[in-house]
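Next up: some structures, all given as structure tokens.
Paired with chain B in one complex and with chain C in the other, chain A is shared by the two complexes that follow.
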Partner chain A sequence: MTRNTIISSKQVVLLLVLFRVFDLLTFVPQIGGRQNGATVMLALPFSYLLLALILVPALLLLRGRREGNVVDCALALNPAAGKVLAALLFLFSVFAAADTVSNFEFLLTSAIYPETPSLFFVLTFTAVCLYGAFLGLEPVARVNTFVFVLFVGALVFISASVLPKSDFVYLKNPLQGGLSAVWGHALSAAFSNFDAVLFLLFAPNFKGSLSKCFWGWALLTVAMVEYLVMLLTVGLGDFAASQMFPFYSLAAFADLSIFQRLDSLHITLWTFIAFVKVSVYLYFASQCLGYLVPRRLKKTRLAATGILTAAGALVISSDLRFLTAVQKAMATGIPVAVLAVLIPFVLLLWSLIARRKERAR
Partner chain B sequence: MLFNRMERKLQRSAGAEYVKNSPPQGDDIRLGSDLTQNMINIRQYLHDTADFVNKEVLVCGQRVQLLTFEGMVSTANMTEALLEPLLSLRLENPTPQSLLWWMRNEAVLAPEQKEVYSLGELYKALMSGFVGVLIDGVDVAVIAGIQGFAYRSVSEPDSEVNVRGSREGLVEPIRTNMSLIRRRIKSSRLVFELTSAGSTSKTDLCLCYLANMVSPEILEDVRSRLARMDLDMILDSGYVQPFLDTNLSSLFSNVGVTERPDTVAAKISEGRVVVLVDGTPFALIVPYLFSENFQTLDDYAHRPYYASFIRIMKYVSFFFTILLPGAYVAIASFHPELFPEALLFNIAAAEETTPFPLMFEALIIHIIYEIMREAGLRLPRPIGHAVGIVGGLVIGDAAVTAGLIGAPMVMVVALTAISSFVVPSLYEPVTILRFLFIIVGGVSGLYGITLVLCIVFVNLCAINAYGVPATAPATPTKLFDLRDVLIRSSWKTLGRRTLRVQKLPGSEVGDKGGDI
Partner chain C sequence: MKRIRLIALLFALCLPLCGCMQAVRLNNRAIVQGIGIDLAEDGYLVTLQIFDAKGGGSQTAVDASKANSMTLQASGRTIAEAISAAELKQGKEIFYGQNKLIVVGEEVARQGLETIISFFNANPQSRPNVDIAMADGRAVDVMTAQISQGVLPVLSVKSLLENSRTSGRILRGQVLDVVDAIENGRLGTFMPILVKSGEGEEETVEVLGTALYRHSQLVGRADEPATRGLLWLRDDVKRTDLVVQHPKLGDVSLAVVRADTHIQPQIVDGVPHFVITCKTRSHINESIVTPENAALFQSITDLERMETDVIRAEMERALELSLRDCGTDLLELANLLDKYQHEWFVANCERYDELLPQFTWELQVSSEITRYGLQT
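== the complex of A and B ==
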């Protein structure tokens, strides 16, 4: 593998936290029934504990080979298996990027620019993200630091306008639906967390302990998401359940002195986060494609990745049923279960057996 | 006649400069011991240029030629330091060698005195204001630095005005600039490394650095970039700057420019390399971080709370100047609901009567402003103030009264223009970005502006100036190093650890900074 771009583990944590926040800022899908905010808040820490458990094989696999990712581990065991895994991860990254672009386009055309065709947003946004991916992981990670600071500032601003008018009575009993509701949400959240796969892809790009980075990500994400969910719940109350884009609605209603309609702040922030997320996924998609085609064709790989992503996003956003189908597919947990749990587990066993045979010889 | 015609044809086909009875060409031609032949070669090589002055004198019976270019030396100093000692010299055994020996070991003709052995070295010295002394019978020339050419005296720099700082600015002669810096860093580790560039102009360049602070990798990189410069003429530091810039595709340069010797001294003390160019008062600083565009020496003269306030205001002004017109166009065209009601009615009333869409209005008015700004720069001073009057009339009054543009747009232009002068070093990218944001805002609203901001940010974050991220220490972040970025901490905090540019977070350069 060529020399990796190295970023700090803090940058990795901030990237993953904002990716999770992006999902919340976009919309809360109707999949699997609506949970009450308090149940979601209770389930979230358990989802990360569960995630830590299911990622153990992957972390053990990567701990012994910090300069490579799961594909490198697979290539070392069997070149064909490595290429298959690279192809799967490539498709996964393109799918995740296309999903993000389509979510982004969906909010823009539904709430802000209803007259503008989707093609305009998909093409322009994908092109800009391709530029970010072309420049590399390091610049995008640096932009993310600014975006995180901007996000925290905006959150403080919105909180200052919403909290005085909030009613904490909307924070209902988290066990209202029983333990099964909490457990069900935790399981669903853990297995639909695409960022777990991304975390494994990040492994060779930062120095330091994998587990420390994971726990930093988990803790900060839980804190952020808990706060956002609480804000949505107490700020909008039951009205949130009827909103397709609850956080956007919250920002639109927020006002602080002469500052009204903070939804423009939301658009700006959300565009930045979407840019970072899609750029990172495009970058990793291109890196995975590099295992299948000659590495020197960097621009060609990026172009191919961009075209596939744009095409995928156009298909998904062409009909709300496709968007819902994609969300359902993500909610099944199969991509994360296969790519972040099953395959690393198989590779770990395989490498242990191979090492034992080597020692026996 | 035929022969002459053939000769002329040969001259044209040669394509090079024509020299009758070609003298020895090339700067490596050694001086001979025959004074007459040396003089023939020199005159022919210089094409009998009118400003070349030579005077033959007899010193202890030996023929000596004094060579200089008119206006380059101080006549009074030359008489006192050179002519009088020479003409009053008495040697026991007057030979060319003994005269040379006396000049080498006993005479002090000038503080800078050395010997040259080739014509090229002699020409360069003469053209730098040295007096050349050729003795018949020796194949070496003695050069003495008795410069006396006219140059602008040290004065307050026009481009970087400070309230509390020094009033001295760099000047055109490189040696004077070196002395201005030396006076501020009285350290034995301060090194000036002279080199030259430009195949025709042979302009002197000077690399200035602190041997115990600079990174050897950065220094070597600068040296190799300067060595790769392939220009005929170097008349300004602007000619050299692109060769030092590591990221020409970016809007933002990672080479800093300053006219102040105190700023140069401050940058050198942080491990940077400064390049002085003879003939220009602007020094180049590498590597240069983005946050340094918002720092001035006045920040360190004020109290921290005020300096921090001014610093934050500069950042706000920067964003104002690039975003305000575009954001105004975007919001007024696509998101009018974002304006408070009263403001919205006023803007709508003002724009109702104007014939152009808001985007074109903004573009027209900003283009007019740029034309007037450029005209104001180039106009002679006595009539320069007329530009201000015309500008006020054309933009401020006549255009609004005629209904060509709305009054709110005039306010936007005024605020944008004033804000752009708060950070003058970023004027070039700011001007282009402003137009870009106006167009993008007019076409696609806040979405377009945000997307272009993404491109600008990632482009800026991709700049690695000699291995040091241009956005450091903001990102990659190191909290302690942020003590002089957005805010200016107290001297107690600033002095706790010396900043070394190669030790900034994300730096790919080794943090060595030992003596080299």
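== the complex of A and C ==
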């Protein structure tokens, strides 16, 4: 595969951080009951340490081949294996994009436009994100940098309003549930982190060290997510448990001087982040599809990706149970375990064996 | 050229999209400023105070000397049904995103707030920090009071609540406090009690005290001293005035400018015991003027002691009323026990309400007068 877009590792870090933040800003289905906010905060750094460990095979595999991604590595070993991996990554990217579009539509039709049909948001939003994917990774990454700065500013603004009224009694002992609760959450957070697969897809698109980029992503994400979890915990208290969209509710009652209902600020930035996230996933889905379809169909692969994404989003949005089932499926950790851990590990072993055989000849 | 055609096509495609979402003009909206809820035969009677500009002529759309509102009543089996019925009565689409106050009738409060709070919690237009109050009697009386001050009657009530809160006279209740108490399952909640007073042009709304709830059910009322006691205990006093009676100086008015309260939970003989420390800083607001004011400065220690006694008495009264008489946790003691005495809490959380009246406490109050005003 030829790299056609180069972005900086800082842009990659900011992209992945905001993708993680998007999850927190959106929908929190009540899966597995209420969690102690402090336990989640303690588990988060451990989840990234665990992620670093499980991504070692993938990073070793890619280190020697910065020109390509995991699919290129697989293709070099066996064309059929490469195509299977490309197909899996294509389905994964479409699934993640469809889930994001669906989350976007779900919040808008729940909180702001209850009478508007889901079809309108799914189709128009997917079309806009398709355009973003068509423009390529670099313009979208630049937009993301701008959105990141705006988001940090908005967060400072909301914090200034919420923190004076917060009750820190809700920050309980993180070890209340025992070490098993912390470990369980760290494991779950590491394996349900879809962005780990995205990180591997980003590999040929940025300059610089993979490991430095990973640690930059891990540190900034931990800082950002810890702060957001803390703000939600102390700002909302037990009220958060009754809210489908806790951060939206927090922004709704935040007020500072003459500024009230900062939820409109939250929705604006959240829309931008959703646009960047879906565009990036569509871009990579289209890239993966490129390994599977003939070159003459190059121009239609983005359209095909968009149609599949929109169709998937419509199915997920049709029933809250489907949305919850998708969240549960992501929480199982199977996609990340297979695509970011198992397959790269197998490919690494395979490449080592192939290299030894060649040397033996 | 191709790009221009593409952009033109995109613009043309956008035009029909305007029909995909219904737009409601501002003059077709009934902007609700206050909602009163009472019990009706078939469910609930909702009284809506809607903004209705009564212009003062060509220059002003809003005449501040008039009550720029109209009142609408409707009933239904649920709050949502009642509000839908209200829309039919006046034809405009009701918008309660600007709602400032919810007044709950006493009967509704006795029945339990969980039946009505869900509407305000689930609805995206409603904000979680909307003020909520209880009427002494029926909410419709408070909502229909023709208060001549201010642009809107409900704005006058809201200002009253804000000023009373700032001066440490009321406990202000909001929707999220009620939901918080219901979700927690162990905490109580509170809200000010409003009553209409006066007649004709002198009609106004006053604050009678504080309604106390165990979880979501009305269980008692707190008068002004007990209300302030709760404020001291909750560390919610920003500024307040109190009067002490000195044998030589007479009545001396003190302005409390700072108050810090900490509650430390302990377990003594298997029963939660709370050490409550409260430190205040005050200024002398008003005292008698004597030819030599040495008497005032010599009496500072006495005044501090008297101030401590007043605060301690109010806190004791509040603790007795909330924990012993009403059996409701208004001080978030359950959260403190969960955080600092987790083992006891886990073992006894199911019986928390039953054990609440057995809780003991120790008050450590200290007051310091740091400024004496501008009088020498």
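As a convention for this text, the second predicted complex is superposed on the first by the 355 of 361 C-alpha atoms of A that agree within 3 Å, B and C clash if a C-alpha of one lies under 4 Å from a C-alpha of the other, contacts with A are read in each partner's own complex, and residues count from 1 in each chain.
In this section, a residue touches a chain if its C-beta (ideal position, glycine included) is under 8 Å from a C-beta of that chain, and two chains touch if they have at least 3 such contacts.
Worth saying up front: this structure is predicted, and the values here are computed from it rather than measured.
Legend: residue contacts after superposition of the two complexes on their common chain; A:G132 is shown touching chain B, with no touch to chain C. In the superposition on chain A, contact is made by A:S264 with chain B only, not with chain C. In the superposition on chain A, A:A80 makes contact with neither chain B nor chain C.
Shared-chain residue A:I112: touches chain B and chain C both. Of the two partner chains placed by the overlay, only chain C lies in contact with A:F253; chain B stays clear of it. In the superposed model, A:V156 makes contact with neither chain B nor chain C.
When the shared chain is aligned, no partner comes close enough to touch A:A360: not chain B, not chain C. By the touch criterion defined above, A:T124 reaches both chain B and chain C. Overlaid on A, the two complexes show chain B and chain C touching the same residues of chain A, namely 112-113, 120, 124, 261.
Those residues of chain B lying in contact with chain A across their complex are 331, 334-335, 337-338, 340, 444-448, 450-451, 453-455, 457-459, 461-462, 469, 471, 474-477, 505-506. For chain A in complex with chain B, the residues that touch the partner chain are 7-8, 10-11, 108, 112-113, 120-121, 124-125, 128, 131-132, 135-136, 138-140, 142-143, 145-146, 258, 260-261, 264, 267-268, 271-272, 275, 279.
Remark: chain C residues 17, 20-22, 97, 121, 124, 127-129, 176, 179-184, 187, 332, 335-336, 338-339, 342 touch chain A in the complex.
For chain A in complex with chain C, the residues that touch the partner chain are 110-117, 120, 124, 167, 169-170, 172-173, 176, 236-239, 241-242, 249, 252-253, 255, 261.
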